[in-house]
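Right, I'll just put the structure down here and ask away after.
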Amino acid sequence: MSDIKRITKKRKLRKDNTLYLLLRDPLGRAGFMGIALIVLLAVFAPYISNFDVAEIHSKDRLQAPNSTYWFGTDNFGRDIFSRIVYGARVSLVVGIVSVSIAAGIGFILGIISGYFEGRIETSIMMVMDVLFAFPSILLALLIVAVLGTSIVNTMIAIGIVNIPVFTRTVRASVKSIKSLDFVADAKSIGLKDRDILIRHIAPNSLASFIVQATLALSSAILTEATMSFLGLGIRPPEPSWGSMLSESRAFMELAPWMVIFPALFIILTILSFNILGDALRDVLDPKLKL
Amino acid sequence: MSEYLLTVKNLKTYFPIKEGLIKRTVGYVKAVEDVSFSVKQKQVYAIVGESGCGKSTAGKSIVRLIEPTAGEVIFDGKTLSSLSDEEMRLKRRDMQFIFQNPYSSLNPRMNVYQLLSEPLKTHFNLTENEVQLQILEMIDKIGITEDQLWRYPHQFSGGQKQRISIARALITKPRFVIADEPVSALDVSIQAQVLNLLINLQKEMELAMVFISHDLNVVRFISSEVAVMYLGSIMESGSTDEIYQKPLHPYSKALLDAVPNIDPLKKKRRSSLKGEVPNPANPPQGCPFSPRCVRADDICRKEKPTLNFYKGRNIACHNPLE
Amino acid sequence: MQNLLEIKDLKIKTLRNKEEVMLLDKVSLNIAPGQCLGIVGESGCGKSITANALLKLLPYPLSVSSGKAMFNSPSLGTVDLLSLEENAMRSIRGREIAMIFQEPMTSLDPIFTIERQMKEALEFHHAHMHEKEKHDRCVEVLKQVNIPRIEQTLGSYPHQLSGGQLQRIMIAIALINTPTLLIADEPTTALDVTIQAQILELMNKLKHEQNASVMFITHDLGVIAETSEQVAVFYSGHIVEEASAEELFYRPAHPYTEGLIKSISSLNEKGNQLYSIPGNVPPGGELKSYCHFLDRCKYAEDSCKRGLPKLVEVAPKHYCRCFRHSMEVEV
């Protein structure tokens, strides 16, 4: 029997590794590097930034990028580079926490409504449809308006707004997988419902779920930026890319760098997540594993 | 204990047709209208018919993969419809099902080892070592090597996949298996290999088997008894050899005549069957075969014939062939 | 040119992971007027792509890398189909060469009536035909393919008809412009035996009535025996044997053909075991430098590895690619 044990180890092939496959793909590599850059910025923010984010240099207002202020300064004379670096923290935390809320609740609801048909499904989907019908930004604003403006409430709001997308994706894939022969086969083998769900249906719907999660991350970051831009997200002087954009409105012609840099980082982050999502979709196809 | 392992009595499976917003049932597709037959221990019993005749639905209804509408299935002295879901689940250890298409019946995210260990772990309380021993024994029979155990279904050819799927069904050592067109998704040169394997395992494990197929050649080779189905009902059933030599039902005869012959000198076509299989949601009155039958008369169009014992076999026909 | 179609050294390649892979090589075939050529082979052997290449219907990334297909076109004279411009090809496709596909259910558009789709096939090549004339032509061809209740059928949508009827309509659409060559790609595979028998009978009848040539592609030797005069056996991207149907079934020369015929006829004998060809069907695009059937061949010897055997005439008009019959190696 030692033979089998030896072969068991052979499974951990490099080619079997999702990360390896992802990095082999040029698009996947690009997305991964973009996100790695943002994560590094966020983690090492205190070491990278030159100034305190709230530190006002009244003499150096609206300075163009130079050797002291790499990305220039804003209308209060705050260093834009430092604010961008700290803003990365806000964006990532908001993105990850809110998507976790949405994905967690959405996955459970999706599995339940997809596997058990009938009244449960109808009522879950009814709530989701109503939630879906609201323009998401309006809904998020509404939730924040009720709960009050704070970073935690922003995350909760964005999370709730994203639940229906996950429920729908997961439910759709559960439903299509449920009708496949291998699920009928699992039933004919004599598996319990629970095992069919965990071993056969859930793993096969995971791919679309993970891809959805990366895409939702970018949309969550965008929503946070939009809400901050509208003044309902992160409270000043706490920096967030969205609020930085918002504050730059009046100075767009005078100091375009106030707009350009936050916008650039928002675009970079969202693009990276989207590219990563696309690459993940390909990589998670079991047919690629050799 | 009777000599029969499985007895199917008047099995019916209807699918409701629903219409409108509130999903009102407006009618039924009578996929299986009236099916009765018995399978002895170690016997291969074939169900043959064209697509849409309900043979596959009948097979699935027998093992309750689809819940039958009416009728009785007695397996090993127990009526299956009286079992609770959990009792039925445990019973599946003894009665397995082999699907037609191995490309879709194997979970793409499980390797061969996982696929074969799953049934064992579900039904038996075995140590990992015992599981491995049984798997090794099984893959030896189906011609899969030890290092292929960690491969995933897409890395195998169609024939190998179907062998894996047969192994998955037979690894719990069932006494009865339903094989639903197990070779029709495979390439011609591969079909014979898989059929040989299935027959060898059936003999070795002393399995009773219901073999569902549309391929008359394969049915003749594999089965000792056969039921010919048309539009949800059995038209004729009995010894395979006798029916193939001298079909008594006009439909059995038409079906046998339609099989292409590989002898190019016998190219000339026999009078082939006219018309098409009617829609099972709206079956014809009387004998389901009457609209296409050359021997049909008034009684055939009015009254549905029942399956009766006639000249050593069962036949549902008012005007059987001589 | 005596033949209607002469394919010479057709070679088809594809791209796999940015590398060129050969799918089909050294395929040469002739079809005489009024003849039915059967092409038989298993999935991935290259039989369907041969047909698609003739009509320039190869899906990306497949492409023809070399070869000629000389076609005796009634309107254009003798042309090479493979180098024909798209405009000229359009006047041939559907009019002079028509194709019938395997799945009648997906080959017709679900949102248009049968009449509309049949007229469309006419319109393209006969733009100035009157509505009445078109209608009459539709009725005429539907009659030929034995469709009952023609007017009702013309007004139906595809989902209202059965598979057998749809395949008849596909054949009717193929015949509507009286083509000189009909390519049928597994036309009965999706159908039941009794319906298959009807369709085969119909195709044989039409072949005689219209004197059209047919290229009949199938995996079923039984169907070949019922329809074809000449047969080419494909295996893994090559023709391994070509002969008249009679010659092929009674005196198969290639071990693969022999195995196929044996495994089918052993079904008719009560016995414990079926005759079977060992091994698996090779996946498409694995052209090796030696005989492709080597791994599955019961006659295989070490010396078979010396190269790819040449397709040689082993009996009058009977060609085979095997070292058992000739030592010649393909260069």
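Going by the order they are written in, the chains are A, B and C; count residues from 1 in each one.
Here is the rule we use: a residue touches a chain if its C-beta (ideal position, glycine included) is under 8 Å from a C-beta of that chain, and two chains touch if they have at least 3 such contacts.
All of these numbers come straight from a predicted model, not from anything done at the bench.
J.: Which chains contact both chain A and chain C?
T.: Chains that touch both chain A and chain C, as defined above, are B.
J.: So using the touch definition from the top, which pair is joined by more C-beta contacts, A-B or B-C?
T.: If we tally the C-beta pairs in contact for A-B and B-C, the bigger total goes to B-C.
J.: Measuring centre to centre with C-alpha atoms, which chain is farthest from chain B?
T.: The most remote chain is A.
J.: How many angstrom lie between the CA centroids of chain A and chain C, rounded to a whole number?
T.: 51
J.: Using mean CA coordinates as chain centres, what's the chain A-chain B distance in Å?
T.: Each chain's C-alpha centroid was found; their separation is 49 Å.
J.: Report the inter-centroid distance (CA atoms only) between chain B and chain C in whole Å.
T.: Result: the chain centres lie 32 Å from each other.
J.: Which of the residues in chain A end up touching chain B in this complex?
T.: 1, 3-4, 7-8, 10-11, 180-182, 184-192, 195, 199-200, 203-204, 286-287, 289-290
J.: Would you mind writing out the residues of chain C in touch with chain B in their complex?
T.: So the residues of chain C touching chain B come out as 42-43, 162, 164-165, 192-198, 200-201, 204, 219-223, 225-226, 245-246, 249, 256, 259-261, 263-268, 270, 272-278, 280-281, 283, 296.
J.: Mind pulling up the chain B residues that touch chain C in the complex?
T.: These residues of chain B touch chain C: 50-51, 157-160, 187-193, 195-196, 199, 214, 216-218, 220-221, 241, 254-255, 257-265, 267, 269, 272-274, 276-277.
J.: Under the definition above, what is the set of chain B residues touching chain A in their complex?
T.: 60, 63, 65, 89-93, 96-97, 99-101, 104-111, 118-119, 122-123, 129, 132-133, 136, 146-147, 149-150, 152, 154-155, 165, 168-169, 172
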